[in-house]
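Going by the order they are written in, the chains are A, B, C, D and E; count residues from 1 in each one.
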Amino acid sequence: MTGLDLVARIPERDVDLTLGVPAGRTLALLGPNGAGKSTALAVAAGLLRSPACRVGVGGRRLDDVPTHHRGVAMLSQDPLLFPHLSVLDNVAFAPRAQGVRRSAARAAAWRWLDEVGVSGLAQRRPGALSGGQSQRVAIARALAAEPEVLLLDEPMAALDVSVTPALRQLLRRVLAERTVLLVTHDALDAVLLADRVAVIEHGRVVEEGPTQQVLERPRSRFAARIAGLNLITGRWHGGALEGHGLRVQGVTDGLALAEGSPAVAVFAPSAVSVFGNDPGGSPRNAWPVVVTDLEPREDRVRVRADTRLGEESLAADVTPAAVADLGLEPGVRVRFAVKATEVTVHPAGPDPEPPASR
Amino acid sequence: MTGLDLVARIPERDVDLTLGVPAGRTLALLGPNGAGKSTALAVAAGLLRSPACRVGVGGRRLDDVPTHHRGVAMLSQDPLLFPHLSVLDNVAFAPRAQGVRRSAARAAAWRWLDEVGVSGLAQRRPGALSGGQSQRVAIARALAAEPEVLLLDEPMAALDVSVTPALRQLLRRVLAERTVLLVTHDALDAVLLADRVAVIEHGRVVEEGPTQQVLERPRSRFAARIAGLNLITGRWHGGALEGHGLRVQGVTDGLALAEGSPAVAVFAPSAVSVFGNDPGGSPRNAWPVVVTDLEPREDRVRVRADTRLGEESLAADVTPAAVADLGLEPGVRVRFAVKATEVTVHPAGPDPEPPASR
Amino acid sequence: MSISLPRWLLLPAGLAAAYLLLPLVAMVLRVDWPGFLGLVTSPSARDALWLSLRTGAVSTLVCVLLGVPLATVLARTRFPGQGLLRSLVLLPLVIPPVVGGIALLYTFGRRGLLGGTLEALGVEVAFSTVAVVMAQVFVAMPFLVVSTEGALRTAGERYEVVAATLGASPSTVFRRVTLPTVLPGLLSGTVLAFARSLGEFGATITFAGSLQGTTATLPIQIYLERVDDPDAAVALSLVLVLVAVLVIGLTWQNPVARRRRAPA
Amino acid sequence: MSISLPRWLLLPAGLAAAYLLLPLVAMVLRVDWPGFLGLVTSPSARDALWLSLRTGAVSTLVCVLLGVPLATVLARTRFPGQGLLRSLVLLPLVIPPVVGGIALLYTFGRRGLLGGTLEALGVEVAFSTVAVVMAQVFVAMPFLVVSTEGALRTAGERYEVVAATLGASPSTVFRRVTLPTVLPGLLSGTVLAFARSLGEFGATITFAGSLQGTTATLPIQIYLERVDDPDAAVALSLVLVLVAVLVIGLTWQNPVARRRRAPA
Amino acid sequence: GGEENEDTTLTVFAAASLQDTFTEIADEFEAEHADVDVRLNFDGSSGLAEQIQGGAPADVFASADTQTMDTLVADDLVESPEPFATNTLEIAVPPDNPAGIATFADLAGPDVRLVICAPEVPCGHATAQVASDAGVTLAPVSEEQSVTDVLGKVTTGEADAGLVYVTDVTAAGEDVQGIPFEESKDVVNTYPIAPVTDSEHGDLAAEFVTMVRSDAGRQVLTEAGFGTP
């Protein structure tokens, strides 16, 4: 497997980005509309070329390598299914193009269609699909290419909420083995699928780092809008996540977690209540913490605090009135309480620790 | 203004829907991919015809009226901007087609482009837009038609999170004066934009009713997945919403609310903590309630309770462990606490009460 | 731009280009250059060229005005007998032009199908410049219809549907969406029709005759010269070729190129 | 289907159809039916028909094999001189076919540009059936190239780009995406080329002569008959028309109709 | 065809107006020469000349005018042409003769729609000569490229009169009415025939020329309306 190095410099679009994805990792691109996310993907795929752009995969320079030899597959923002081929043949297109025999390619296509939940539509023409169905077929088609490097532009767009969790799991599994550049507008996609996040604004990378760090302590305006999540990594033991000396109760969104398997708990700062002492009541999670920091933002205040063990930093959003009520200031000892129903626990892949390459 | 009556019966797609939208109201269509939402819109627009379909606007039967005479404008799932026209001319297309003079049509187009925040792109060709920019232009183009009946298919798709609140407000304002059929995958769109909600599955209406009722107490599986929200209507007084004898603190997402104006507070049952007595601490909202009902669902329990005044029914999601801890059962008096940061308060339009036609 | 073509495609493409161009080169090599200018500026040649340009332009206009609607109806509607109509429209292509001229005589001639009607109306087309245009329209229109219809089908009707949902009447849709969308195909068809009109000979001489300044177009002049002086015929053909390259070059390249520049 | 056409479009469309069909009707009315069968089944007519069908089929095939690559190169690449090449490719349309035949003789004839080379290779093409095909290809290929190029431009390259990102080589893209996408336009072009080949006369008689069974195609037979007997010429033309309707009807209607049925 | 037993093929290029007569003569020639297959190639004389100049494999060339033949002689492409038939002009009118033409001078009448051959082609050359000899100024509505085109206009009734060759009127049968006129006698069109220099079957070519000029050949030509040179 191979990493991806990218310099996308397209002056006509006011885009100048330098991005790197270590081999086998996933980098999520976040950013407002027109920031240059799709442009970065187009450069990586070789669809946009300019002398100022550089694309390298596994150290090999791809600048002059035609798109089809790059070992790069792309899911674009528009499904663009081939109108003259059936759904099945659309998905079988990439294996066929790579020389797989027809029957084997079709078998693979069936498998992928099944994974995205639309195998019942295999014989249809793309013109006879709904928007979400087309998107799912497009996902299957891109995944069926089984490329070294995968470029995904808003894969979850147009999907209904009932399939999103399952598709996220599918992508998690598939992306784990590939080098991936993932464009998304949803922080949860970044949390669950990406190792690192790059935030792009006006064609420039304004922030880049490990997912957890960027989403927990966003420095850029845009990231702050979409993120500011609490993430706690650990392992699943006895129906709760244990890590960094904390025991976190949460809901698993219907996904099975094996005892002892790595997992991550995600909850929003706004879901965290602050109490002077143990509140009792329904919240399952209440941890003693020491306030380290107060950040006023618009109509609320973000309270940062370390757990007693000093290992994990958590954030809570409260109203200014609450700050006054509880006399919050750095050094004050309080309890952070979160309802278990506000915490989602997700499987965290085979290696929950940051890889050495970071 | 005129209401919309629709019978969409397309056997080839296994769709058989009967929908009605009272004059000036908005009906949101929710449902999984391939349920038949876009099909319903296509029938209303006259793009799909069959002898078994019926379309009426304001009592006038439109079955044989060509699309352009229906006074119906549609935003389809795919932006489909005219590639040969500039962004400005795309938006000016509908006014021009309705006979507005070029300069007036362009002025209107500038206005709409400005409203959706892309007036800087007016002179571009659609081919030179990003996905989200195209979507915004498509919204402007549909709104510029100023139709009696507006059909919107996932208007918020592909938009970045930083513009979504502003666009929702724009749509709220525009939709208030029109009869609208709105397809969405986001419950919040339904809450903020629609008077009623219809849930569609497998081409059939499985649930239909006032937004609040459907989202608070969904009966269908799909609605339950996406909804189950607490909604409290009232008026904005002294920095909080007052209604039904409750005072609700919340955040306003940066939108200004006038003193005394109608508003709605929205929060998820999962955000509601349950306490045996007043907990103190940061949560700004804590209301005494009487438990009326316990609904176990998957890994949590939905606790329904009435406020003391018996007027408002609220729901809280808690873990089974919490139910046991607090000894929850119908008739038990507890407190429901919600952090102000978990409650969003939105303007609720000129008439927060259900209209007579409901 | 971004997509590379298969290399092997260049071989047949080059062969095709060579095959079409080589005879032109051979022709140019045979031209008697010292006499060229005198030949091509003789009054009869000048008259013929001018007549050809005028009639070619008018015919092309008529072809577009009538042919585009026909192509649209064929591509966008369904009615019984449509398949047959679509084949029949092609027939002027198949019939040798001279026979086409005879058929036109049978129709619009003095003793033709409509001859009586036309005579009653005081219209007499035979041996007039109008007849030249009629002959050219007859042979050239199928090109326009067929290539425009192909382009309409390739383009599909998605944008037309969107325009209708925005309240555009069918006429507005046609003018502001359908036509611009198929512009490249329509331009190709127009160029084909113009080229075919310019080169038209058989139907013209049969239906319209040949009189200097009235009905003797450049191809007819070329035929006449050929008997006397093949060199003169080749020289005149070269003029025709030059005119065609100029006109086509000016009208066709630019819009297409302009369109190309707009990103897809 | 869902979109209505402007009503007024029917007027010019109807006019166009009438204008193209009326002469055919007039021709049919003039046919001397009692003698028809005898005329069209004479050995020379049968030879000519068979030869026309054979050469027309081969020419169309050659046109497709060479012309589609050329159209693709013209539509999908940019290189210096491309604009000029695009105009030049049209010229066989403009040159009167007889002059085209002369140019072919100048090129491939015994005394032509390549005549020496061909003779050294032991190949003699002029006045053989091969020459008929060459003449037909020369006049018919531009139609195919122009209408296919128009369709390629109208279709755009979005799907080709997608195919490349899925790892399809340029050849695969061409075969599995480009060609199917422009199929309607390509079919129109093919039909145009076939029709034009079937009706080709001037270049053929000049370059290939009019030898019965070898180079005398149906249009040449019609031309020769006309000298003596215009009625026979018309009757034979009708056979040509019938054959064309049959062939075009069978090869063109079905795929287009099939495509139509698939929802857009 | 007779390719199965390796027949010699004699290729004869003949003017289009000789189509019927030469087909008949060729049949007779084949009857006399069992192992010879005569291939006939018809086109306008000038077209045929171009083909021969372009290297066409002809053995015999029969032209409708001496001028065309002379260009080939000048290029050394044919050997010693000899005349074998003549033709004179005749007025052709539609069967009902709508303009009431009776004499050559009538053609100059103001309401007569006259079509003639263009001066560039042989029949037009002859027409111009007759007119100037007769002192008549013709005002045609069309100057056609070939006799066939002139005849076409007359048979369809488009023109009131046309000037064509006697043989054409004969061949057209009942579709036109021929009106002979005195002045035509002075302008005689001569048809020459010659073997082609490059011919591989020089002897046979010479024999065919002889056959055409023999009594049998003459008879066929005379029946079609041709005169004797």
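List of remarks:
Keep in mind that, in the parts below, a contact is a pair of C-beta atoms (placed from the backbone, for glycine too) under 8 Å apart; a residue touches a chain by one contact, two chains touch by 3 or more.
It should be emphasised that the depicted structure is a prediction, and the values quoted were computed from it without experimental measurement.
The fewest steps needed to get from chain A to chain E, moving only between touching chains, is 2. When C-beta pairs in contact are tallied for every pair of chains, the largest tally goes to C-D. Centre-to-centre, using mean CA coordinates, chain A is 26 Å away from chain B. Centroid to centroid, with C-alpha atoms defining each point, chain A and chain C lie 58 Å apart.
Per-chain CA centroids place chain A at a distance of 56 Å from chain D.
Among the residues of chain C, those in touch with two or more other chains are 2-4, 102, 106, 112, 158, 161, 164, 169-170, 173, 181, 223, 226, 230, 264.
In chain E, the residues touching two or more other chains are 47, 50, 53, 152. Shared interface positions of chain B, defined as residues touching 2 or more other chains, are 46-47, 66-67.
Touching chain B in their complex are the following residues of chain C: 158-159, 161-170, 172-173, 176-177, 180-181, 183, 262-264.
The residues of chain C lying in touch with chain E in their complex are 102, 105-106, 109-112, 126-127, 205-206, 208-212, 215-216, 220, 223-228, 230.
Within the complex formed with chain B, the chain A residues making contact are 31-35, 37-39, 77-78, 129-133, 135-136, 153-154, 157-163, 185, 222, 225-226, 249, 251-252, 254, 269-276, 279-284, 298-300, 316-319, 321-322, 325-326, 335, 337, 339-342. Considering their complex, residues 1-13, 15-17, 19-27, 29-30, 65-70, 72-73, 76-78, 83-100, 102-104, 106-107, 112-114, 137-138, 141-143, 145-147, 149-151, 153-158, 160-161, 164, 169-171, 173-174, 181-182, 184-189, 191-192, 195-196, 198-199, 201-202, 219, 222-223, 226, 230, 233-234, 237, 240-241, 244-245, 248-249, 252-253, 256-257, 259-260, 264 of chain D touch chain C. Looking at the complex, you find that chain E touches chain D at residues 1, 11, 16-17, 19-20, 39-43, 47, 50-51, 53-57, 148, 152, 155, 171-172, 175.
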